[in-house]
Structure formats: C-alpha cells, structure tokens
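Once you've had a glance at the structure underneath, I'll fire off some questions.
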Amino acid sequence: MHIIELIFSPLLALLIGVFFLGLARKVMARIQWRYGPPVTQPLIDIIRLLSQKSASHGVAFNIGLVMSLAGSLVITLFLPFGKIAPMSNSGGMLVILYLMLIGPLGMAISSGESANPNASIGISRKLLLAMGYELPFLLVVLALMTAYNTTSITEIVSLQRDTGWSMFTFPLVLSGIAYLLILPAMLGVRPFEVVNAPQEISSGPLVEYGGPYLALATLQHALAFFIGISLFVNLMWGGAANPVIFFLKMLVVFFLGIFVNAVFPRLRIDQAIRYLWRWPSLIAFAGLILVCVTGS
Amino acid sequence: MTGMEILLLVAFGGVMLTYILGRISSSLRNTFAVVLSLVLVVIIALMYDKTGETIFYRGFFGIPMSFRIDALSWLFAMATSVLGCLSVIFSLSYMSDRKNISFYYSMLFLVNAGMLGVVFSGDLLSFFIFWEIMSWSTFLLISFNRGPAVAAGLKYIIMSIIGSMAMLAGTISLYTNYGTLNIADLSHLTVSASPGYQLFLLIIFGVAFGIKNAVMPLHTWLPDAYTEAPSPFSAVLSGMLTRMGIYGFLLIIYVVVGAARFLHAADSTVSSFNYVLAWLGAITIVIPTFIAMLQNDAKRLLAWHGIGQGGYMILGIAFGTNMGVAGGIFHTLNHAIYIVLLFMSVAAIQYRTGGVRDLNSLGGLIKKMPVAFIGALLGICGLIGVPLTNGFVSKWMIYKTLISGRAPFLAFAALIGSWGTILSVYKFLHNIFLGQLPEKYRDIKQSPFNMKLPIIVLSSTILLFGILPGLPLRVINKIVVSFGFDSLNISLWGIVSESGMLNTINLFAAILAGLIAVWLFFRIGARTIPVKQDDNYAAGAAVPRDRYSYTAKYYDPLFRMISPYLKDIFNTFYMKIADLTGYLSNGIRKIYTGYVGNYVMYIVLFISLMIFVQMKWSPW
Amino acid sequence: MDRNQLKKWFQNPVKMAHKYSLHVVYFCTGCGIIEIPPSITARWDAERFGIIPVATPRQASLFIIAGYVSLKTLRSIIRTYEQMPEPKFTVSLGSCPINGGMYYDSYNTIKHLEKYIPVDGMIAGCMPRPEAIFVGVTHLWTLIDKDMADGYKRYRSNYSAYRANQEKILGKLEWPPLFPIHGEE
Amino acid sequence: MLKQELETTFDNITIRMEKKNQLELSITKDGIMSVLSFLKNKGYDHLHVISCVDWIDDKQLELVYILSAYMKQDVPGETEQLNILLKTRIGRDDPKYITSIALFPAAEPYEREIHEMFGVDFLGHPRLTPLLLERDYDIPPFRKDFDTKQYVDDVFGSVPSVEGEDKN
Amino acid sequence: MVNPVLLIAVPLGLAFMVPLIDSASRKLTRFVPVAALMFNLILCIRLIPAVLENPIVINLGGFTPPFGINLFVGPLGLLFAGLISLAGLVVSIYSLSYIKNGPVVKYHMLYMLLLTGATGVVLTGDLFNLFVFFEILCISSYALVAYHGDRAGIESSIKYLIQGTVGSGLLLIGIGFIYGIFGTLNMADIAMKIATVEQSTLFVPMILMVAGLGVESAIFPLNAWLPDAHSSAPSSISAILSGIAIEVGLYAVARIVFTVFGISDIYLFFAFLGILTLLIGEMCAFAQSNIKRMLAYSSIGQIGLILFALALATNNTVTGGLFQLVNHTISKGLLFLSAGYMIYRSGSMEISSLNGMGKRMPLTSLAFTVGAFSLVGLPPFAGFPGKFLIVSGALLKGQMVINILVGLVLLSTVIEGTYFFRVIQALYFKDGNGERKRAPATAVTAMITLMILIVALGVYPKFLADFLSSASSDLLDKMSYVGSVLK
C-alpha cells in the first residue's frame, strides 16, 4: 500500500496541477467575457511542446530544469494529501521548507545558463519575490510550530482535527490572516506575477525554453501551484481526513487565487516587496509574539 | 613519545625543512610539501578514538605543558590536516608564478602546525603559546601579497593581539586562582567558582574567541583579511583557522567552565551568558549575510558569508542541548568543507582569468571551467543547506534545537539568514559562471589537475556527508557525550529525536527516483539541438557582444530599500578609535618639547609635587 | 474543428496537438498588427482554438507576419524564423508579402516573401479582418492534417537557395547558416 | 519690419510674403551662411528641417531651410510671429554644398538624409554615412530620374524563386 | 677565589691604557674593550656558585664597614655585572666594524669608562661610592652621545648633560642629608639605623636621591633627555645606553628604595609611576616615524613596565621584572644593532626608508623581527616568560587596583605590538629599491649571539628563573643584606 502511495501521490499532484492550470485559463477567459480554451488545453500544449525540437544551451540548462521538477515532485511526497502522506515520517516541516528551495534553485541555474539577460532579470525578480514572501511565511510557520510544539506536518494536521482549523484558533488567527495576505505571492498569481512577465521581460526565465523545456517548466509551474495551495490547506484549514474533501478545500483556495489573479494588474517588484514586508510581516510578527506570550 | 609529540615534531620540523628545500629546488620542495601534509593526515588518522594526556615539557617555570587528545581535538585536527593537505595540493600550481614561494609554504605549514598544537594542547599555557604562533604566522601570510594586504594584515594582527591579551589575562587569572593550568583539572575546580568569577572567565575568553571567530561586533578584520590573503591560504584561513574560535568556545563553555552539568540551573551565570551569546550569534547570521549581497568582489562576498555562517555555529553551541552542540560542531565541519571549496573555485577562476575577482566583469565560465562550476555549485548548495548536502543536516539540527527549545525568534533569524544566503550566493554563482561569456575569456583553458583534485574531493565529501550524515555524527556524538550531555540517537542515515526525525537515505532515494522519472519524461520529447550563446532571443536583433548580460546591481530593488541600514558601523567605529589613539599619542609626544629648560623644570616640578603631597596628606 | 474526436487523438496525438495548440509569435512591423488585438480579446477570442500569443520565438509554433516587409525587418524576420523550434508554420497577413501589394514599386520593401522564408499560408486582403484570420487558421489545420504545411521541411531541404536569396538582397549575413550548406566552404 | 532690415543688409535677396506669418527668402548659393547667422542672431534659432527639391528640368536642386523663433513669445510686445523659408539652388550634376552644423547642430541628420537620398555632399559634415537605406544605389532614390519600377524589376525580379516553392 | 674588585679594576686600568696601546699599534685599540669585557664575563660566571651560598663582602683598604668602603657582591649585583659585561662584550664586537671614522681612541676609552662606572654602581655597598661611579657612568655617556659630532649629536648631548648634572646634584644633596642624619655613608649601616629616625624627616632625602637617580633611569617626568640622546648617538652607544645605563639607574633606585629606606607604603606610588611611564612611552612610540626615536620611546615604556614589576615587591613580580629587564637589555640591544646597519645602508632613519629591507639585508631584518617579537612578548621568545611572571605575580596580589593596572599593561602591549608590526610590515611586505648587501661579519656574529640568547631564554626560562629568584630575595629582604655586611 505504501509503494502505491509513493508512486501515485506525485502523479496525482501533477494531474491536479495541470487541471488547475486548465481551469484557471477557462475561469480567466470567462471573467473576460470570452469562451476560453477547453480545460484540457494545457495537456494539448504539453503534447505539442514535447514534439518540438528545441535549442539547448548546455548540460546545466537541461539538468537544472530536470532537478527543479524532480525537487517539486519530491515535495509532494512529504505533503499530506488528505490521509495520503507517504514520506512524512522521514522529515518534517523543516525538510519541506528546504525542499521548496530546490525548485527555484534548479530553474535559476538552468535559465541562468541560457545566457539571456531577460532570464537573469527574471531570476533576480523570482529570488527577490521569494525573499519578500519568505519573511512573513517563516514567521507564520514558526508560530504554527511553536503553537503545536512540533515540526512534523502530519502532527499539525491531526492536532487541528480536534482544536479546529488553526486559522480560527485563538493565538493563530493573526498568522492565518498574514498567510492569506501572502498567499497570492506564494502562488505567483497576477498582482505578484513579476517573474514570468511576458510583456516586460519576455516571460523572464522561460525566454529560451523551447519544446520539451517549456513542457517541463509548465509542469513545474503547475506543481508549484499545487504545493502552495495544499500547504496552505494543510497548515491553515486543517487538511481533510479523506482526499475528496481535501480536494474541495483546495478548489476553494484555487478559486480565491484565480479571482485575485483575474482582477489585479501586475505590481513592480519593489512595490511587491514593500507591500510584503509591511502589513503581512507586521501581522505575522504580532502573531508569533502572541503565540509566544500565550503559549504553554 | 606518544603519537601527538611525533605529530607536532613532524609539523614544526616540516616548516624549517620546506624553507631549506625551497632554497635548493622548487620541485623538491613541492613534492616534500605534499608528502609532509599527507604524512600528517595519516598520523592523525591513526590516532582515531584515542584519549589520553602526556606531559611533554616542564621548562617553563615548572608549569607542566601537556598534550591531550579526545574526540573533539581529533575531529578538529583531522579537519585541519585534511584541508591543509588539499590547500597545499591546490597551491602547487596556483602559486607557481609568484615570488618567494618557499616563504609561503613554510608559513602555511607553520599555521597548520600552530593549529594542530592549539587543538592538541592539554593545558591553557601551551594552548596560548600555539595560539600566538598561529596568529602571527597568519599575519605574515595575510600581508603576503603586498599592496592593500598590508593594511588588512595590520588590522588583523591588532585585533588578534587584543584577543590574545584578553586570553593571557584569563589564563593567568586561572593560574593564580587555582595554581594549575591543566584543562582536565580546571574543569573540576571551576565548578566551585563563584558565579561572578565564572562570568568574568566566560567574557574574557569569549572576547578572545569572539574576535577569532568574527562574532558580530568583533568581525571587522575578517572581510579585508580573507580578500587580501592569497586564495589557497584564505581557504585554510576561513575553513579552519577562524573555527579555532569555535574550538575555544567549546573548550571554555563546556570543558573549563563545565557548563553542561548545571546549564539548566535557572540562575546560573552560564545560561545567561549562553543566551546573550545565542542572540549575538543570531545577529551575526542576519546582518553579514545581507551585507554579502552588496559585495561586488567574489572573495569579499565569501568572507561576509564566513562571518554569517559563524553565527550558526555560535547559535548551535550557545544553545546548550545535546542536539544543539552536535549541530554546532557538525556545522563547523561542514562550513570548513564548503567554504574551502568555494574559495578554491574562486582561486581557480582567478588563476585562469589573471586575478580577476570582480563579479561584474566575469560571466559564462561554465563552458570553459566545468569542474570549477561543479565545485562552486555544490559549495553553494552546502552553504544554503539544500537537502542532500551536509549543510542541510547541520542546519536541520540547529533549527530543531531552536524550535524545541522554544526560541522561535532565534530560529526566525537563522531561517532569514539562510534565505539571505540564497540570494547573495546565487548572485555569486550567476555572475561568474552563468550568462554570456565575455570576449576576452573566449580561449581560457581548464583549471590544471591539481586544482581539480581538491575541488572534486571536497564536492564528493559534501554529498557523502549530506546523504550519510551518520559517518561524522558518530564522532560528534562521542564529543557531545564527553561534554556530559546524553548521547543522540544517531544512525547511518540520520537522526531520530523525540520531536521528528530526519532520514536522508529516503530523501536521497526519493530525489533520485524523481530525477530519473523526469529525465525519462524529458527524453520522450524531441531531440534538442545544442546552440551557442550568440543564438539567443534579442527581439530579432543580433546579440550585442560583451554587453548582453545583467550582472551589475543584481538585486537593485532590494538594495535601494535595505542598503542604508547595512553600513558596517562597527568598522567605522573601530577606525575612529584608531585615529583617536593616533591623535592622543601625537598630543602626548608634545610633552617632549625639545627645550632643555622645560625638561629641567619637569624634574624640579616632580620633586616639589612629591614634597607638597607628602606634607599635605602624608600618604606615606 | 475535430478537436473532440478522441479517435483522432489516439491515432495521431502529435498532429492533433499541433493543430489545437498554435502558440503564435506575431511580427508586428507591418500595418497588420492592428488586426491582432481584436482577434485575441473578448469579441473574437482566438484562445478558444488554442491560439495564444507568446513572447519569444523559442516558445512558438506559428509565425504570423502581418503586413509589408521592409529590407531592414527582413533581417529580423529571418533571425526570428530560424530561432523557432522545428515543426513551425508561417502565415502572412495582407497582400504585401504576397506580391508587394501597394508597395509593388517601392525600392525598399520585399515583394515576394516566400522567396526568403517558406510561407505556409497567405491570407490576402489589405489587412484581413479577424474572421479572415480564423478562416486562414482553419485552412492551416487542414494543411497540417494533410502534411502539406511543410514549410520548415522545405526550408531545411533547399536552405542553400533560401540563403542565397537572402544574401542576394541583404548582403553578407552576420549569423552562421542554420543548416550546413553543401558545396560551400 | 524684419523684411526691411533683410533688404537693407543683403543686396541679392528676394523676399515674398504670401501667407500671413510665413516669409519666403531666396538667395544665391554663397549667401546662405550669412543670412542664416543673421537670422539666428535675430532670434530665429530653431531649424525645423532642411529639405530638398529636385527641379530636374532646369537641372537644379533646391535646398529649403525652415526656421522659426520660439523665444519670440517671451519677449513682451513682440507681435511678429514668423516662419522663414530660406531657399537656394545648387547645380544638379556635381551637388556640393557647405554644412550648416556649425550654426545649427540639429542639421546633421537632415544633411545626411539629403546626401543619401539626393546625393548632395556637404563639405565639413562629420559623418556622411548612410542613415536609412540598407543597400547602396547608383542613382540616389529620391531623384526624379530614378526609375523605381525599373529598379524593382531588376533587383527583386532577379531573385529566383526557390524551386519547390511555386507549386501552390 | 678571585677577588671581585678586579671586575672594576681591570676595565678601569685598561681604559687608561688605551691611548698608550693606540700609540703602540693603531689596529690593536679596537680589541682592548673586547678583551676586558671577555675577562669580566668569565670572572662573573666563575663567581656565580660562590655568590649563590652567601654574598661576598670586600672591605676596600682593610677598614671595617662603618668607616671603610665595601663592595657587596650578592646575586643581584652579580646578575647586573654579568649582564653589563655580556651586553658590553656583544656591542664591542659589533662596534669593531661599526666605529671606523672619528676619534676612535676616545670612543674606546669612554666606552670602557662607562662600563666600569656601571659595574661599580652595581657592586658598591657605599652611598658616596655609588655617587662616584654614577658620575663616571653619566659623564662618559654624555661624551659618547656626541660622538658623531654632528649638530643633533652635540645638541642632544648638551641637553643630556644639563639634566644629568641636575640629577647628580640632587643625588649629592640627598646623600648629604643622609650623612647629616646618620653620620655614615655605608648602606648597610644606614639601613640598620633607619628605624631609629622619625619617618617624615627621611622623606626629603629619599625623594631627592630617587629623583637624582630617576633622571638616569628614565622614569616618566625625568626622562625627557632619552629620546634625543638615543636617536642621535651612534647605534652601538644607544644600544649600551638603553641596554645598560638605564637598567643600572633603575637598580640604584631599587637598591635605595628597597634596602636602604625600605618604606613599604611608597611602593604603590612607584607602581603608578611605572604604569604612567609605560603608557606614555608606548603612546609616544606609536606616534613616531623615525625608527631610533621609536626604539628610544619603547625603552621608556619597557623601563616603566620593569619599575611597575619591581614596585609590586613580591618575589614573583620582582623575578618577572628582572626577567623582563634581562630580556629588554638583550632584545633592545639587538633592535638597535640591527637598526644601526639598516640605517647605515638605507641612509635615513625614517621607517619609510626601511621598505623592502627584508630583501636587501635578510639576516639583519630577521634579527630585527626576532627582537621585536620578543619585546612584544610573543611565546617562543624571551619576552613572554617575563610578561607571564609579571602578570601572574600582580594578579596574585589580588588587589583590584593592581588588576586594573595589569589591564593597562596588557593594553600597552597591544599598542607596542601595533607599532612594531608596522615596522616589520615595512621591512618585508613593502617594495623598496637598492641592491642586496649583507652586514659585515662582526655585526652578524653579534646579532646571532643575541638571537640565540633570546630564543634560549624564551624556550627554557627555568634556567634563568632560579638565579633571578635568589637575586630578588637579595633585593627584597633588608635584614640578610645588613647581616651579611655588618657581621
């Protein structure tokens, strides 16, 4: 049973991620009064991309991208999807925090290798944005860990079952609000979509990604989207007992993200950092102090 | 003649022999240097798992000077000798085109011998003597390549003399209070000392070791020293020499003052000292890492990271649980490995591009120097703490202690520090290896074999310790037990602790499986065509040569926000003090005016003053 | 529009995928670019056919040249065309690329675009309306179906002729030839 | 009243004032520089454009300098708002002329364009390199005797169509 | 057993023989001082075993102590005599090749006189006799300072002369007071009678004598002559001046304060005076750019340190002080000798002119480095045991005031380290021009002997430590001194 879980949870994550991408394009189209592509459009794109013979800029260009997708796949093993949590006993929240590093780092190395300044600007924006939302996110995660006095995510989920969603338990409300404020940035949704901005820096790191590379990049983007949402649901909305409820909760968060994406214009990178370091960080900081003060 | 005496004799003998052989022929000296360092490594390796103490010299006013070996000293000695050996191999070709190389090699061995002496010394007197020898030989090596290195050397030696004087005062006050300087006896005697005296001891030795380990307020010498020293030596300097401060902290806090036994007693001075030290460590992590982002010189960036990582070790050690101390020691070892690797890759770049270190004018060297790139990549992965590298395991241990020790703000400082490392270290990797290859570096060759060997060896150790942390942790566990803590539950693949466990083998298997799966998926796609760097998207125009890269002011949006807060205030403060003493001494020199009349008037004044004081208050 | 006929998907997924996910890179020097925004926004929505604009030629599979091609922009068009990944199609809007259009006698514009880069489909009209563009796209689908949209194959097979034409007009080209030219140095 | 001054200072100058605020001056080839500096001192320091007309039948190229004065509005009570067209004619066969960059630096691109399109070479011009055209032409394209249709036929006509191309 | 009087008689006799020998053969005069001092050194070494049991007392001219003049040769006296002869020997070997031009005969004669004066002061047991030998020492050093005959030399020797005579005058008045009160000039006799007199009357003569001797031993307010004298004297002479003359002055002050007067509550004042001299000496040296003035100021500093050590008056600190004194004589001598030839080669005394000397004169700069390292007190060299003893002795006293003073001592070591390392960096790590030329053989032998001595003392200090502890006990307990003299 454990082996099946090990193999299928990443595939499931990929599937849901691609489905979310298709759904996102459909919902965005609908909001803009147009029909929009079928929900399976990302799949069609991937098949077409895989068939194209594209240019490669060297070994690091290939391996970096492969490493980033592999890193994201491995994270899905650690994140509990409903009851399925295949590898959560060999590394807790800290491992997830550091595994979330491999994706952007791999992408950064491979697009750095593509020797295009648009890509370099894109990566520097991605790292800056990450620095932006990482400050409040760490405060939130630390507040959670200190409140539940554990570093393993499955324990946090099981503790939430009796104390209710950690977003609404007393000391963690502030952290919950802060997490909501930085969620668009973590998902890379429109107001904070500074990294792959097609107009300004001709889709940033993806500027030299051709056929198969672009396919891997879209899959990585889909996975990052999935991980961001599932992490939020696990930490803040109590992660469901069975996968279906978990998926529904993810859908709710997904729609939240997409509505924000459809409506907002894109921020400049320093505006984004200034926003992220002002209100969400203050709330998260207050949350952590609250947890420490009222903590056991 | 126990192993240690032979070792020290060989080490110090080596110093003289290299200089003499250097006079005869350089190739003879090179081979001798490599053989000597290998011999040192072998001797130390043979002394694994031995503990004991032998008195080797009573000549100094009868105070017994002894050698002591236990797990802690063995670990540090092993790391020192291995890294020393690798840097000697590395500098064979790096220094081949410089002048008076035999002086460089003999000083390198003197530093190495000094470090071994410090690590093996059984009493504080021999500890101080070897510490001094290590300090002033480092001074001679830092100011080795002339020019600005002279000022850096002077700054280093002044701060290290202040540190040594503080340590001398501490050692002698111990000698006067307890009559003995033997560390083993002291650790039994100091327990009964009054809290005030313990605090005094901790502070005095804390200042001495804080300067050497560049804890935040005392760190200003480090950036200049690392940048100006010859690269292979700055590797040794940053890898092991600065970590002697950590060895000192461990020695003082856990052996001499024996904190482990009563650390958790509420009112004990040691825990308050550790708390302050922990906060100093946290500050040392955050601020230097963000300053590192501003640097445009590769070695200065690494230097600031040296300070930042020092903060992690201090944090681990100061937080007095067995996991924390083990994490701190393991991080010292890991940091030694990857910072030496990074300095060596920068040295390889310097060697090929004729000494260029400026991050804004390099680029695209991955095609020309792939081995240096692999070394740098694994080095920065270790520095950041990417899973599967050794840095990750030690950082995981430190975070585990901080969180379960209910110190979330310290953990926050450490985590933000690691994110700061990611940004600044990616800038380092990107500006040197990725991006467009400038025209003038089009035809540079690979780095020579004896530069590649150390890089490959160190990179493989990073991965080895990352995937199988049990190997080093078993030794570190023995150290922690020798300090009086209860042992950790260590197994080959990771650590099991009460609040969560780390299994690196599963992690490795998962990532490997992921890699293979994605590689196969990638292979399904059509064949890809390798393409040169000129065939690039530039909105239809031709790729402008040498100007088509984004390296200068890499994180400008962030800099504009944080750079006003990141000025190195301590450096300016110390410079002001230096100018003040200069000004004061000029003032005092004015006393000797040069007129004989004044001089005679001084004599008469002196006598009249004496008589006046005697008559008025008659103190005598 | 046989997108939802699953049988065809299983028979030949690559051809169907090429038909229904045409990522377009527009070359907007000519006057045709004014027709593109209406075709991709709410009223005519090209995205429902899987056609979305992309920023760089690397990510594209369809290359639309809208409007006249002057001597200077031919250089960029050739470079962009060569940067696109291999199964790629080209469509030109308007009459100018066909035979020079109203600039038939101008010394500065290219008369027959297909002499320099292979063009799979040409949509006539002095700037065709979005409906005409969609009709053109449907024709492209049929061409892809019948494997007749083989512009990139023709470019590869007689590349030396294309290269000669290009150098005849533009003089010595500073970027190396895409495919090895037999017979030359 | 500017008209009277011009008449007095320059002898062989013909002045016409057809439109309300547009003054047409025409002068011989060698008088241009002095008139330009005179006008510049008078405040007409903005050179709009230099254009060229090809009078093919009387074998002459006519250079037209269009000047105007921004600063005039600030001066109170100044009513005269004039755009000045300064015309001169040079021979068509070997069109040589002196550059006016010394007085109006802005003239540099205009003179390059005229050189490229009409073949007039300006002595003393720092860089008379091609500005707009890709290829080089024996007869400058804007000249009337340049037969574009003929040029198109033999340049673009001569490009052979790629053999597999003309089947559709 | 050879009579210790020869220690004084032989150099005195040979000093006056120098002109005769010179008229006989010009080459021989240079070797006279070497022979005399070699004799002295051998004599001292042979006396050591005898002196260690009980000090030797010789009554000159057969008169019993309270009337006649007696010599007191205790471990302390012998230590100083041995040090003087050793340093004198090394410097005389050095000056074989260093002093060529100028009135060579007068140089050697005055050199011998200076050393006899010093040995006399150290061995005498009689106050007036101390004054006489002290005068011989001072006058010959006035003359030797002006040896070069250039403007700076003469000016600084005149300054030295004026201050020296003022000091000697005060000393004489002090001795007069003492003679007036006690009627005797014999130190032991005075020491015995000291208790009978009321302490306040004793204060004035003591201060006068201490001030008089203080001028020569360069204590803070009285040492204004030292920088000029040392920098303008020839290097061999400044080596002797800062190596021996000052130490002898300090010995005299110590002898008077400890044995003759023995008022213990003034020691703290001397400790403060010592620290003051140390800090001012180091600060001024830090601000110097001329190498010899810098070494002069550092001598003032070291003297302050030794005075501080002696003033703490415990066996440990006095041994440390004496160790530091021996170390200072040797390493400061080495520094002056090596600086001498470097200045001779580079032409000017500025530190900037010494750039790149490491390449031009490798052995001399190595000598300079070893001397500097040992003065700063780095472990493998002689300075470290001295400093170690002083600091541990001081901390043993346990008083908070003393701990603060020890802190100041360590602080001054930092300043000392700064300016010495600055010079070492100039030697080795700054590029200078000029061709590579070694110092002559005699100078090299002198420097090598001193270097061996420094390293030997640094590595195995125990050898000297026992001798020094007996010397310090000889200084400290008055009763044994009086007993042995007046038995």
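For this structure, a couple of remarks:
The chains carry the letters A, B, C, D and E, assigned in the order they are written, with residues numbered from 1 in each.
Rule of thumb we're sticking to: contacts are C-beta pairs under 8 Å (C-beta built on N, C-alpha and C of every residue); 3 or more make two chains touch, one makes a residue touch a chain.
Just so you know, these numbers come straight off a predicted model, no measurement behind them.
Hopping across touching chains, the smallest step count from chain A to chain D is 2.
Leaving out chain C only, the rest of the assembly separates into the touching groups A, B, E | D. Common neighbours of chain A and chain C under the contact definition above: B.
Among the other chains, the CA centroid farthest from that of chain C is the one of E. Taking the mean of C-alpha positions as each chain's centre, the chain lying farthest from the centre of chain D is E. Located most centrally within the structure is B, per distance between chain CA means and the overall CA mean. Among the chain pairings, A-B comes first (most C-beta pairs in contact).
With each centre defined as the average position of its C-alpha atoms, the distance from chain C to chain E rounds to 99 Å.
Taking the mean of the C-alpha atoms as each chain's centre, chain A and chain B sit 36 Å apart.
Averaging Cα coordinates per chain places chain B and chain C 60 Å apart. Chain centres here are Cα means. That of chain C falls 41 Å from that of chain D. Within chain C, residues 56, 58, 83, 86 each touch two or more of the remaining chains.
Among the residues of chain A, those touching two or more other chains are numbered 51-55, 202, 207-208, 210-211. Multi-chain contact residues of chain B, defined as those touching 2 or more other chains: 526, 535, 537, 539.
Every pair of chains meeting the touch criterion is listed here: A-B, A-C, B-C, B-E, C-D. On the side of chain B, the complex with chain E involves touching residues 58-62, 128-129, 132-133, 136, 139-140, 143-144, 146, 149-150, 153-154, 157-158, 161-162, 165-166, 168-169, 172-173, 175-176, 581-582, 584-586, 588-589, 591-592, 594, 596, 598-600, 602-603, 605-607, 610-611, 614, 618-620.
Interface residues of chain B, counted against chain A in their complex, comprise 364, 366-367, 370, 373, 377, 381, 384-387, 392, 395-396, 399-400, 403-404, 406, 408-409, 411-412, 415-416, 419-420, 422-423, 426-427, 429-430, 433-437, 494, 499-503, 506-507, 510-511, 514-515, 517-519, 521-522, 524-531, 533, 535-537, 539, 548-551, 554-555, 557-558, 560-561.
Across the complex, chain B meets chain C through its residues 526, 534-535, 537, 539-542.
Within the complex formed with chain B, the residues of chain A that make contact are 10, 49-60, 62, 65-67, 69-71, 73-74, 77, 87, 89-92, 94-95, 97-99, 101-102, 105, 108-109, 112-118, 120-121, 123-124, 127-128, 130-131, 134-135, 138-139, 142-143, 145-146, 149-152, 202, 207-208, 210-213, 215-216, 268-270, 273-274, 277, 288, 291-292, 295.
Listed in rising order, the residues of chain C touching chain D in the complex are 71-72, 100, 104-108, 110-112, 114-115, 118, 154, 157-158, 161-162, 165, 168-171.
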